[in-house]
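Next, two complexes with chain A in common: one pairs it with chain B, the other with chain C.
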Partner chain A sequence: MMFTQTWLLPFVLLATATIAAFPLSRYLAWIMDGKYRPLPVMGWFEKRLDSGPQNWKQYIGSLLLFNTVLFVFGYLVLALQPFMPLNPDGKTMLFPSTIFNSVISFMTNTNLQHYSGDQHLSNFSQIFFCISNMYISAAIGLCALAAIIRALRSDKSLGNFFLDMWRVMIYMFVPFAFVFALIFLTQGSPMTFKTSHQVSTLEPAAMGTTDKGEAKQQNIVVGPVAALESIKMLGTNGGGFYGMNSAHPFENPTALSNFFNTLAMMIFPFGLVIMYGRMLGRMRHAYVIFIVMLALMAGTVVWSVYYDTLKPNPGLTAHAARTLEIPGEKTWDMKKSVTYAAIAGLPVDQHLGNLEGKEMRFGTSAGATFDALTTDVTCGAVNAEEDSLNPIAALSPMVGMWINSIFGGKGVGMINMLLYIIIGIFIAGMMVGRTPEYLGKKIEAREIKLAAIALLVHPFMILAPVALFAVTHWGVDAVSNPGAHGFSQILYQFSSASANNGSAFDGLGVTYGFYNATSPAPSAIAFDIATGLVMLFSRFLPIIAPIAMAAYLGAKKTSPVGLGTLRDDDATFGLFLVATILIIGALLFLPAAALGPIAEHLGPFPVGG
Partner chain B sequence: MNVVIWLLAMFFLGIAGMGVCGLFVKACEKI
Partner chain C sequence: MFRYLSKSILLLVFSVVFCVILYTLALWAVGQVFFPSQANGSLLMGPDGKPVGSRLIAQPFTKDEYFQPRPSAASYDASASSSSALAASNYALRDRVARTLGPIVAYRSGPKAGQPVAPDIEQWFQKDAFQGAPHIVAQWADMHNSLAQAWVTGDPTHTAYVDNWAKSHPKEVAQFTKDNPGISQPKASDLAVVFFKNFSAENAGKFPSSVTRTGKDGKPATTIEPVKEGSDIQSIFFDMWRQDHADADIQDVPGDLVTTSASGLDPHITLQNAEFQLDRVAPKWAADLKRDQAEVRKEIEQILQKNAFAPFDGLAGEKIINVLEVNLELRNKYGAP
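== the complex of A and B ==
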């Protein structure tokens, strides 16, 4: 019973998403190849949107210009929030650095929220800023992947960016989001232009009393929650209507809504991998990539569930007294003894594992499952508090973000996997003394340089700011836990920003709030600016370089398959790909992991353990 | 620091960031 209770949900989710990927990939390829016949009205729009075939520079130029306009629009919406309609509560403007961070965040599909939606945003901002960006930003990565596929196929052009955006939003996201929104409505998510309900509490005066001695009513915030929830998950956006995100009973009311919530963020990333194979005409190759990703995803889910659902919370268990020898202040020879007193455990039944920060209506393993999956697919929504995960379990979502290609977001996960493929084939080629080839095209210096630059942006954008914040008061003032866990909070924040994930360890103080807030978090401005720039560069640089790389590759002559050609559709290739990912990922992030979650797991309580 | 100045500074920081991405396109061309 315990085994079923723990493992049934993750197994069914992975199986359902895998099965759904195949028919979905057919539909996705049919749309992106333009083989559909649009309705007359739609066709009229499409003819006007299609500004003609584009090469890689034109495609990227259109993408960047479009996003610049999106930045300006989003900035205006948030800056002018106090003057916009649908704001009966009179919510004022966020602090400018938070506006900057939020606009970049939603534009890059990260949805890192240094604010709380129900406290700080009006319904106008939720609709015209959050929801609109969720559709648009989700489409960008998919368009980039389609362009790369057309380049690798040596098509005459990479297509047209504006037409691709239309196709993705109108034929993919809108219909699927509508269906999922209906599902969430049936489960109890609100869908209204009202902003709140005033209700009398069961317990008299639970909210306090007025000056006249009357019981205050509770203010329950509502809005277009179902509409936001569906595209939040389908577009792997992750930015919740409420600060509690998918743990809130209005965003995610029941165990059934939780199942569809989780499934929604998985189906497009799963389907896009098979779509890659369909559009290229290399299905076996796509199956190998799919299996590699599925194996890595299963690993992160099993790790997270095992160490969080099947292990107790160390903060509640008893710890014997410990005396440690640690280096003294002056030289390494001088040691000093530090004694940690014994800690009596709390009388809490932990046979269901670590329940801190979990929503029990979803089941015991739902939190750990969701937390692992949300970082694998770079969604960032949460149905449990990530900061409450057991220390070593928290390594799972971090690894998902560091690898950044375990299915990943729509399009960019497959693009990142392509970078690992190119680097892996290059390494294999060097090992056997043959010119590396991918899809019959020789991989030469230019392609490797572009792939390496694109792959290195992500770790640089994580490790450099983490190091800076960890040694300065910016980070020290923001952490809510000492030692290794505090470091993990900072590490997670920048990992999430760079992976365009958006989840966070919420103990980190990064919220300024409204521009006239009287006691903002001391490091809020620093985090707003730093994570904003990290999100921006980590989103676009690893899209630009691979598109250029694919264009250069596609322009080359195709070499015939020979005896020495490295096959890319067998188990050897799959295993080599896993090894490449783990070696590059582990080497780059192992030191940071050792200072954060691993130290916390191994170290003496209260600093670790 | 005056809120208006902050608003302008953050706005142009974002535009500058997009400009850096545009320069990166040029750099990829030259590689």
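== the complex of A and C ==
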């Protein structure tokens, strides 16, 4: 029974998303290739938006210009919050650095939140800032992928950015978001423009009493939750209406809503990989990529569930006495041994695994499963507290962010995978002493440079700021857990920012709050600015460079397939791709992992106090 | 360039109209017309017809007659959801769990099977020796500086007590400023460890706790006094007692009873947790109603069974109950406790 309760949910989720990917990819390709015929009304809008065929420079230019407009719009909406309607509680303006961070965060599809939606945003901001950015930023990545595909198949033009955006939002996101929102609505997600209910609790004064001696009421925040929830998940955005995101009972009321919540973030990333093969006419190639991604995803899910659901929280269990040899205080070659006394366990039944930071209604393994998937597909929503995961289980969501292409976010995951493919083929070509080719196009110095830049932005944007923050008071003042876990908190924050993920180890003090906050987190401004810049660079460089690379590749002559051609649609290629990803993507981060989650896992337990 | 700028603005306007305004309004209309209860927060009506809370949001219960939801890192504030964010390796997590356990755990086997552990914790505490060394409170403050500080700052009466102590112990304070040249005017929280060490030496086997007595004017007044028993000692020192009694066979408590949820508002507890609490709930109702304990227990057990459900009918998880719904049913059946 325990076996079923643990493994059935993740298995059904992966299977359902895989099955859904096939019809979905057909639909996606049909839309992106413009084979549909719009209704006359919708055609009018398309004509207004279409500025004609674009080359890659024009496409990138439009993309960047539009993002600039989006930045201004987002900044205005948040900055003007106190003057906007739907704000009966009189929520004031967030601190400017937090606005800067949040605007970039939502514009880049990251949704790292240095604020709490339930405490800091009015319903107007939730609708016009969050929902609008959730539609738009998700579409941008998908358009970039479509442009790359068109470049790779040597189309005359890369299409039109504005028309692509419109197609993605109106024909893909709106219908799916509406249906999923209806599911969440039936399960209990609120959909109202009211902001809160004041209720007197069943046991009078159970919330305590006010200074006047009256019973305190419970203030239940509601709002247009269902509308936000569906596009939050479908667009792999992940920015919750409430501070605790998909763990909050209004965002995710039942086991059924949790199933669709989880599925929603998977279907588009799954479908896009097959769409890639469909649009290129290379289905077998896409299947190999899909299987590689699925295998890596299954690995992260099994890891997370095994170490978090099937193992107890080690903070509460017994630990044997142990003696460790550590370097001496003054000279590194002098060894010093430290003895830790045995610790008796606390009498807690942990057969359901680590329950700290988990909700009960989703199912036994739902939290661990969600935590792994949310970083694989670069969503960043959470239905359990990542900070309280068992230390070694938390490695799984981190690896998801570091690799950043286990299906990955909307379009950008597939783009990142394309970079691994190019680098992998290049290495393979070097090994056999043959000019590497992808889709029959020769990969030369310029393409490799662009691919390497795009790929190395990510580790640089994580490791450099982590190093800076870990040794300065910026990081030290922000961590809420002692020892190795404190380092993990900083590492997670920048990994999440650079992967455009948005989940977090929530204990990290990064919230400034309103501009007149009385006790802001001491490092909030430093984190606002640093993660803001990281999100910006890690979003746009890995979109711009691959489009350019694809354009250069596409302009080349296609060489005929010969006996010496490296096949890109067989098991050898799949294994080679996995090796490339693990060596380049994961090994870069091994030292950081050793200082964080691995060190914490090895103990001793507990620390601090 | 200018052409792309105008297209960008047009795209933004169109998408706000379609994806934000029309989409949200359509969902709002469907919600308010077809699913009004869910769309407005799944409110539950109390005995007097007024809303008492949301089906989906946990609220606190302090009386023993009611089932209690999981502990909340958000203090059940439904306008500021929050998790504890405590790492497994953080002693604060173990401490929080141990404090919940101390007053409620019982022996599983041995001569005292079924009896509470709490009296033994107090007895051990009064002997004032931990792992063979004297002065439990001093050792506690020494091992857990931040817990000692948290005690001082956690309550204004505690801070005042330490301030008073500082006034009457100038020698100890002078020694502290000599040892810590950085702090010339030590606050109460700075002195926490010194205070507890001194307190432990002067009050062996005692801990400062709030005691409520009827004052001279006939009104109850709360003061801090050294005590040798009570819930503070049972909870704060359970973990140390446990280390001295590693072999004691104690009944396990359901995991969700001592762990905080992710949202701090988890409306459910496991059926196992509810059954554990039934040992407290049923006798209390029986005493209130002056009825037979076994009979009341059977009735409440039926309410639990009726309300229990499992995610996907048990395919994905174990049975849980909604705390507010069950307590509302108890309130409607038995009246206000």
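The working rule: the second predicted complex is superposed on the first by the 586 of 609 C-alpha atoms of A that agree within 3 Å, B and C clash if a C-alpha of one lies under 4 Å from a C-alpha of the other, contacts with A are read in each partner's own complex, and residues count from 1 in each chain.
One rule holds for everything that comes next: contacts are C-beta pairs under 8 Å (C-beta built on N, C-alpha and C of every residue); 3 or more make two chains touch, one makes a residue touch a chain.
Since this is a predicted model, take the numbers as computed values, not measurements.
Participant: Could you say whether A:L455 touches chain B, chain C, both of them, or neither, answering first, second, both or neither?
Facilitator: Once the two structures are laid over each other on A, A:L455 reaches no partner at all.
Participant: Have a look at where A:F540 lands relative to chain B and chain C in the superposition and call it first, second, both or neither.
Facilitator: After superposing on A, A:F540 lies in contact with chain B but is clear of chain C.
Participant: Identify the partner contact of A:G61: answer first if only chain B is touched, second if only chain C is, both if each is, neither if none is.
Facilitator: both
Participant: Who does A:F505 touch here: chain B (first), chain C (second), both, or neither?
Facilitator: second
Participant: Could you look at A:M244 and tell me whether it touches chain B, chain C, both or neither (first, second, both, neither)?
Facilitator: After superposition on chain A, A:M244 lies in contact with chain C alone.
Participant: Hey, is it chain B or chain C that touches more of chain A?
Facilitator: Per-residue touch count on chain A favours C.
Participant: Mind working out whether A:D118 is in touch with chain B, chain C, both or neither, as first, second, both or neither?
Facilitator: Only chain C; A:D118 stays clear of chain B.
Participant: Pick one for A:Y75: touches chain B only (first), chain C only (second), both, or neither.
Facilitator: first
Participant: Looking at A:N354 after the superposition, I want to know if it touches chain B, chain C, both of them or none. Which is it: first, second, both, neither?
Facilitator: The second partner, chain C, only.
Participant: Contacts for A:F100 in the overlay, against chain B (first) and chain C (second): which applies, first, second, both or neither?
Facilitator: After superposition on chain A, A:F100 lies in contact with chain B alone.
Participant: From the superposed pair, tell me which chain A residues show up as contacts to chain B and also as contacts to chain C.
Facilitator: Residues common to the chain A contacts of chain C and of chain B are 61, 68, listed in rising order.
Participant: Using the touch definition up top, name the residues of chain C that touch chain A in the complex.
Facilitator: Touch list, chain C to chain A: 1, 3-5, 7-12, 14-16, 18-20, 23-24, 26-28, 30-32, 35, 38-43, 46, 50-57, 59-63, 66, 70, 76-95, 97-98, 101, 105, 143-147, 239, 242-243, 245-246, 250-256, 258-270, 272, 311-312, 314-318, 320, 324, 327-328, 331, 337.
Participant: Provide the residue numbers of chain A that touch chain B in the complex, in ascending order.
Facilitator: 57, 60-61, 64, 67-68, 71, 75, 79, 93, 95-97, 99-100, 103-104, 446, 449-450, 515, 529, 532-533, 536-537, 540-541, 544-545, 548
Participant: State the interface residues of chain B toward chain A in the complex, per the touch definition above.
Facilitator: Touch list, chain B to chain A: 3, 6-7, 9-11, 13-15, 17-18, 20-22, 24-25, 28-29, 31.
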